[in-house]
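The structure appears below as structure tokens.
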Amino acid sequence: MDASTLRLLVERVAAGQCTPDDAVRQLRRLPYADIGFARVDLQRDLRLGMPEAVYGPGKTPEHCAAVVEELLSGTDGPVLLTRADETQVKAASAVATALGVGPGTVSDSGTFATVAFRPAANRPGAVVVVTAGTADLPVATECTAVLSGLGFEPQLLTDCGVAGLHRLLAEVDTLAMADAVVVIAGMEGALASVVGGLTPAPVVAVPTSTGYGASLKGVTALLTMLSACSSGLTVVGIDNGYGAACAIARLLP
Amino acid sequence: MDASTLRLLVERVAAGQCTPDDAVRQLRRLPYADIGFARVDLQRDLRLGMPEAVYGPGKTPEHCAAVVEELLSGTDGPVLLTRADETQVKAASAVATALGVGPGTVSDSGTFATVAFRPAANRPGAVVVVTAGTADLPVATECTAVLSGLGFEPQLLTDCGVAGLHRLLAEVDTLAMADAVVVIAGMEGALASVVGGLTPAPVVAVPTSTGYGASLKGVTALLTMLSACSSGLTVVGIDNGYGAACAIARLLP
Amino acid sequence: MDASTLRLLVERVAAGQCTPDDAVRQLRRLPYADIGFARVDLQRDLRLGMPEAVYGPGKTPEHCAAVVEELLSGTDGPVLLTRADETQVKAASAVATALGVGPGTVSDSGTFATVAFRPAANRPGAVVVVTAGTADLPVATECTAVLSGLGFEPQLLTDCGVAGLHRLLAEVDTLAMADAVVVIAGMEGALASVVGGLTPAPVVAVPTSTGYGASLKGVTALLTMLSACSSGLTVVGIDNGYGAACAIARLLP
Amino acid sequence: MDASTLRLLVERVAAGQCTPDDAVRQLRRLPYADIGFARVDLQRDLRLGMPEAVYGPGKTPEHCAAVVEELLSGTDGPVLLTRADETQVKAASAVATALGVGPGTVSDSGTFATVAFRPAANRPGAVVVVTAGTADLPVATECTAVLSGLGFEPQLLTDCGVAGLHRLLAEVDTLAMADAVVVIAGMEGALASVVGGLTPAPVVAVPTSTGYGASLKGVTALLTMLSACSSGLTVVGIDNGYGAACAIARLLP
Amino acid sequence: MDASTLRLLVERVAAGQCTPDDAVRQLRRLPYADIGFARVDLQRDLRLGMPEAVYGPGKTPEHCAAVVEELLSGTDGPVLLTRADETQVKAASAVATALGVGPGTVSDSGTFATVAFRPAANRPGAVVVVTAGTADLPVATECTAVLSGLGFEPQLLTDCGVAGLHRLLAEVDTLAMADAVVVIAGMEGALASVVGGLTPAPVVAVPTSTGYGASLKGVTALLTMLSACSSGLTVVGIDNGYGAACAIARLLP
Amino acid sequence: MDASTLRLLVERVAAGQCTPDDAVRQLRRLPYADIGFARVDLQRDLRLGMPEAVYGPGKTPEHCAAVVEELLSGTDGPVLLTRADETQVKAASAVATALGVGPGTVSDSGTFATVAFRPAANRPGAVVVVTAGTADLPVATECTAVLSGLGFEPQLLTDCGVAGLHRLLAEVDTLAMADAVVVIAGMEGALASVVGGLTPAPVVAVPTSTGYGASLKGVTALLTMLSACSSGLTVVGIDNGYGAACAIARLLP
Amino acid sequence: MDASTLRLLVERVAAGQCTPDDAVRQLRRLPYADIGFARVDLQRDLRLGMPEAVYGPGKTPEHCAAVVEELLSGTDGPVLLTRADETQVKAASAVATALGVGPGTVSDSGTFATVAFRPAANRPGAVVVVTAGTADLPVATECTAVLSGLGFEPQLLTDCGVAGLHRLLAEVDTLAMADAVVVIAGMEGALASVVGGLTPAPVVAVPTSTGYGASLKGVTALLTMLSACSSGLTVVGIDNGYGAACAIARLLP
Amino acid sequence: MDASTLRLLVERVAAGQCTPDDAVRQLRRLPYADIGFARVDLQRDLRLGMPEAVYGPGKTPEHCAAVVEELLSGTDGPVLLTRADETQVKAASAVATALGVGPGTVSDSGTFATVAFRPAANRPGAVVVVTAGTADLPVATECTAVLSGLGFEPQLLTDCGVAGLHRLLAEVDTLAMADAVVVIAGMEGALASVVGGLTPAPVVAVPTSTGYGASLKGVTALLTMLSACSSGLTVVGIDNGYGAACAIARLLP
């Protein structure tokens, strides 16, 4: 898939250093580790600039631990475990400790935890994470934990909902100076539109499932953010704090 | 249905001024005019404080004219024809002119017209109608036309969308001083939340079908407004400028 | 944001009573208390005519208590805690009692409680709250608790659903005389349309998630109320008894 | 399929009046006429108590005429052509006239026509069709045209929407005396609930696509009617005046 | 509301047997019992031909018992308690026993119970209740329990889904001979269409929330039934076995 | 229903070996066993080429066991119990063991089990089951368990999601050589489109309810698969691993 | 992508018959023709067993003609143009004629045409296409036209909807004998479930947008088919006659 | 709003160079031009790094021209007119020509045009715009036109849909080297997931309303993109090529 690797291989065949059969076999031996129930992507960091994350739900603690172990052994960058419950965290931390990596940094959002093993070196961008209300904090916690794991030091501005606009306007300089902004809001999600009109930075909006009634578990905020009258906002899925952090990692150096 | 009328009637029976049979018949002869294809509600103004409006779509010009005529003859308050096309306006205006009322005030929103015959006497409240963008003007036009017909002199603030928040903040005093505010916005409808946080006045939000893509013909703005984090906003149906005006008429003296 | 405060500040600068740097700092020091996880809006009552409410879900008991404390200390009007569970109520009541305010008035809806601390002085308007069935009582309880906290003495009419229209018609005078009406109905929500045709008062309709099958957890009642053929009804979100009470507070003196 | 026919056939085989091969062939030769593009159901009237109707949309005028012809020739009961446009009506009427049946009774709803050929003999039931507004008349027209074709003399009560409840209450005896009631309403469809509480008769509710905004082209009225708090209402599809008439034909003698 | 009662009252006034004030008071004293949290409709049986049912969910056992008591005392027809849990059944049965009515007939659907007190005298109609699968039995149980309480002896045909059409065709005569048919089906709900083509009787279709994936908790079956190509089917809400039984009670003598 | 059976019967009547009454009775005695709460379809295997499966949810353990018993006794092919919980498995296995069939093969997906009794003889087709992620394994487990019960030896390729395309491309020959492919994917379901472009085999796509936020419990993957730009994909319901296996059984010899 | 091609190439490099640079270039020169606005997939037939079809909508007549020309020149199998309007057909036919292929076989569905150029050699499978009503004919026409282009001779059974079940049962042998069945139905789509219970063949269900009201432009039929109680049905997108034909081509030899 | 402007003003007041009254007035005179029907945001470029665009739909040609004129006069950066029809383009071009700017660069997407006046100076980033099919070209055209107006030279890769994966893989280096990628896809939108797995660059996904049936006018592609298994994708609204271009402008220098 990768042109230079391909050329190298072909040159080795041409040079007689590799038989055609071996070449075909190598072309097949792609950069993942097949551990039976999973194919662990060991070059995602090289390819996408960020590591494969281990998504907890639906995995046994043993599965979580095994994939974390594989990633810690097979790569040398940060490794993330997301949406993990207590037993998953425990199992993964044990494995990481056994590998000499230590238990990882655990960020508990209340309903689940994000664990960052072997966090990346510091990255320079000024990332601001703004939430509309305190109920959006679990999603913000996931987002900042992932950002930290990826090397950023995000600044968190909580409870800036537009019902009291002055709470947001007090941070107008922070927003205008940011290199990237994540807006996390449930209910009607109007905060994204307003922030989008106050900063030239890229704005990634995260709808949350906060609220009741017509907020439709985040669908209302999602639609609001997709229809925002402020130009150039982009949106990730509902409650997807992890995805927003990855989007930031893609767009900042 | 009306206690005092009922008592009067019963007293007349008790006094022998009315036979039981007549009483029953009168109790049946309710305050509407049956003109075959429609039952014109002649006491809606007395009962609800605002007149029955004639809704144009689906009616022939003759039907429109006939109902307008019935209302002009059978009541003495304002009469409204809404969402009318050119031929409906013409037919209704002709009838009104023939009755000596004059052709009515026609407000053309581009796609349909609102006609106010015999507008109400001036009413004191300061009603502010705010729109997010120029595409919301047709709905605003219907709203202000109905408000005018009901005796108000609404102030229209156009193009105050939150993408350029300063355009709205420039009107912060106008909003804070208003007796009632109508917010008309499509796309993501965030304007309602922001206005709701800037004024203690009752705020009636009207989602419009402006926008494309994820704005879902007004459903997004509707959901946004229903989920607004500013407390005490109320909402009417999509593009329902008429309904918002009526809501104002209910809540102001 | 507030013109007179702004002018005062600018005049003090002009008079040399305040340095430009201080002025900018003061302009930044907006009227909220930043308590880390939340920005408590201390002038919401002044700005919007009703206090910031503390929304329970997603907050720890300590968070609830801390925000209640901040509001009780930083303002002198009523303070509301909504949708609180038992431990949140306990924590907040303890703090309020410690401040000499007393434990607040607790209204239990069955699934959650509304607590009103330091209720407002009596306000004159005749507010009628009508429910369609007994299953709508939890939402009605929230609504009347908030109305009471804001100074009203709402009259509650229960179980007036249109399947037995005479139960509603018996209250026709109460409705016609009201200064404002809140209609709370689930299932098909038809009660709002009928009430809207019986009273000239402002009508705020609250769809509830009562019912099953095609009632779609309140969406059916919501759509019904938004499409009501009675003019000038306004609607709040599903189960939003709190929002309806705030809407009443905006529109009555 | 029909037990008595089956027994007759089997008896004829037993009696040697029919060979097994013929019996199988007859069992296959089911009571429809295959005319290439359609299989005309010639015994629907016998089986279901009402004739197969020819649904216009998507058929050429020739197709309409051919199916009408087949039904007129192959059965002796009423034949209905529904939702037909002008050229379809013309073609079908020509064929019927050629067959000596006459052109049929054409009921024009404004957007399409219902044609009843060879209407059924009078049937005794008192069927009342109630509409909420004049915009529901096209659906009512289809319903009454089909009812007439099936032998009923429906009574039409127009414009009885609940915004002016007295217009409906004036007809309370008519409703209470009816053998069956069809309620046709768009917008929020609340009329069905109210009528359902006023009559012991079977009530068939037809939601219409009348209205705009949150009425969602009839979906709101549909949901309302399905969730009605009045017990025992039944509902047909949106704008399905034809289906409501057939439901009546099933339940009345 | 009732013409003859009205006339009687008016005649008594005319005859001086009743003062106008008393007449007005009596006109207000409508036929329900206000027991604080509920308005028990005591003449629903007279008005609609079937009794008010007590819907369990959301009511305390005491509330259930109180309403049942009120209905048993204030009327002399059958009384139904629906969707009740064990403690509600117990409380209501105790009250009924104390009144000498006996504990009622309890039909347990697995998740909730239907209780019929003082069932109606036998009614003649042949009612057939068909289910598509065993998972539809709880809804069928509610339906037959209510039918029994209303005086019918319904015949239940279980597990007749169209995947094995012969299971249904075996009952083709039963269906063709029925006076009314209730079809109860989840998943794709196709059974209703097929039954509708096999019987001339009125067919009331009940979608159930049986199934998973694309069955959308009954919405798919609901839409299927509303769109059925068999003419004259009518539909009630999802899982609404009670409503179907009431619809039958309306349409049979 | 079956022509040859029908002919045989008719011939026996013609030959006097069977009276017409008996013939009608036999025509009625269709090939299912009525065991009260269920009609067990004993010839489904003959008719459809695969056995009736016993769907666990909503059945008591006794019901499950009874239907399994009936199928094991009344047929001689494989019998499947799907989506069963522990007590259902136990009851059914006991019955099967008592019948000398043995306890069956139990495949546990984590949340429920599939049990195959008396599996079919080996069938030759090469069936490949591909999953996008480890969270799709429960659905894949049901699918492969049913395939095994029906005689196939499916090859399972796990964790081939398109985020690391090389993991899928490594299996490109396996896919190209398959006789049939089942693609099981949640979240956005893009794997189906990509696989569809890599193999000429029939592809059955199964959307899963894996994921959160905008994945809408499988609806997003469902819509994706239905709209796939690769031609000739077919789709079954959400999480319907059983249905996909049956579809394979229909299309392979 | 294709293992044998890859091996060949690598062997040629190993043999010195091809330089590494050339090999890389060839690996890049993938089997499509880039004609500026489109990348024409010239090996789709080899890869997927069926040709790339040219989808008309949104392409100019010139674009259609150019892609058709490219496919006719660059491949030697059948070429299909789907959903084309008159001018697109004309342009494509002219190009094909100029190439000596002839104008192709045009199947007009009423709203658009399918054109098959250079149809495939006859293929043996017995494909039955069943429609529920005449309104489903346009989709059936597309399906049979594509099947014909791919070498099949499909048998079309029209108007077999379940409202007159005997029309379908008359074809029960045809269905039972088929190698594959396509069921095309709109409205409630119940035909698919019934057919699925009558044949062991693979059944591909195509929902159509036929119908009105609750049929929701095909969504109802789609959901019905996905939830069908007959096991092993598979479904393609709404109105996707083309996709169904391709699915058949994948599963038959 | 802007801290430095604010400080300057306050300093001028402090210095006596500006009276408090003047200061307040200036604070009110915010940077927009009120031209009656619109408030033209003259500092959007300064504030957000990109100019206010003039959205054509719903504006008269005169309105378009007036706003374009205001922006050309009041700012000195690029000015964009989007989704304009022919008469709007003409009017705006005339005004721009009269101002000496020239007629602008018109990009016609087939259904509407994008006009860029006074395009920005070249910006360095390598922006790649990938489309799935030719039907996505109109949206791509809007996107590249806006990108060009903002100073970029986007590279357009057309027709790279995943049904023929090799067409995309041929561009794998282009994607891996890009500074930012816009993926434009309708139908099932799977292209975004695949591209997201091939490049470390920020990826902005644009769902288009291309396709029919289950593609639901872009909603399917939208949901797909929001649920993509490739981490860090962000999404804009359906058909919103303009929004995607603005998002790129925010994130590239």
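To keep things simple, chains are lettered A, B, C, D, E, F, G and H as they appear, and every chain counts its residues starting from 1.
Keep this in mind: contacts are C-beta pairs under 8 Å (C-beta built on N, C-alpha and C of every residue); 3 or more make two chains touch, one makes a residue touch a chain.
Since this is a predicted model, take the numbers as computed values, not measurements.
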Subject >> Copy-to-copy rotation for chain A and chain G - C-alpha atoms, rounded to a multiple of 5° >> reply: 180
Original post:
Any idea if chain B and chain H meet via the same residues, over half in common, or different ones?
Top reply: different
Original post:
Which chain pair is joined by more contacting C-beta pairs, C-E or B-E?
Top reply: C-E
Original post:
How big is the gap, in whole Å, between where the Cα atoms of chain C centre and where those of chain H centre?
Top reply: 40
Original post:
Cα centroid separation between chain B and chain G, in whole Å?
Top reply: 53
Original post:
If you average the Cα atoms of chain A and of chain C to get two centres, how far apart are those centres in Å?
Top reply: 38
Original post:
Approximately how many whole Å separate the CA-defined centres of chain C and chain G?
Top reply: 58
**OP:** Provide the list of chain G residues touching at least two other chains, using ranges where the numbers run on.
**Re:** 1, 3, 133, 163-165, 169, 196-198, 213-215, 222, 226-227, 230-231, 237-238
Original post:
According to the definition of touch, which chains form touching pairs?
Top reply: A-B, A-C, A-F, A-G, A-H, B-C, B-D, B-E, B-H, C-D, C-E, C-H, D-E, D-F, D-G, E-F, E-G, F-G, F-H, G-H
Original post:
Given the complex with chain B, which residues does chain D contribute to the contact?
Top reply: 110, 133-135, 137-138, 158-160, 163-167, 169-170, 210, 212-215
Subject >> Residues of chain E defined as touching chain B within the complex >> reply: 3, 6-7, 10-11, 13-14, 16, 19-20, 23-24, 27
Subject >> Residues of chain C defined as touching chain B within the complex >> reply: 1, 3, 47-50, 53, 169, 172-173, 176, 180, 196-204, 222, 226-227, 230-238, 242-243, 245-251
Original post:
Touching chain E in the complex: which residues of chain G?
Top reply: 132-133, 161-165, 187-190, 193-194, 196-198, 211, 213-216, 219-221, 223-231
**OP:** Name, in rising order, each residue of chain F that touches chain E in their complex.
**Re:** 1, 28-32, 36-39, 41, 44, 47, 52, 55, 57-59, 63, 207, 209, 218, 222, 237-240
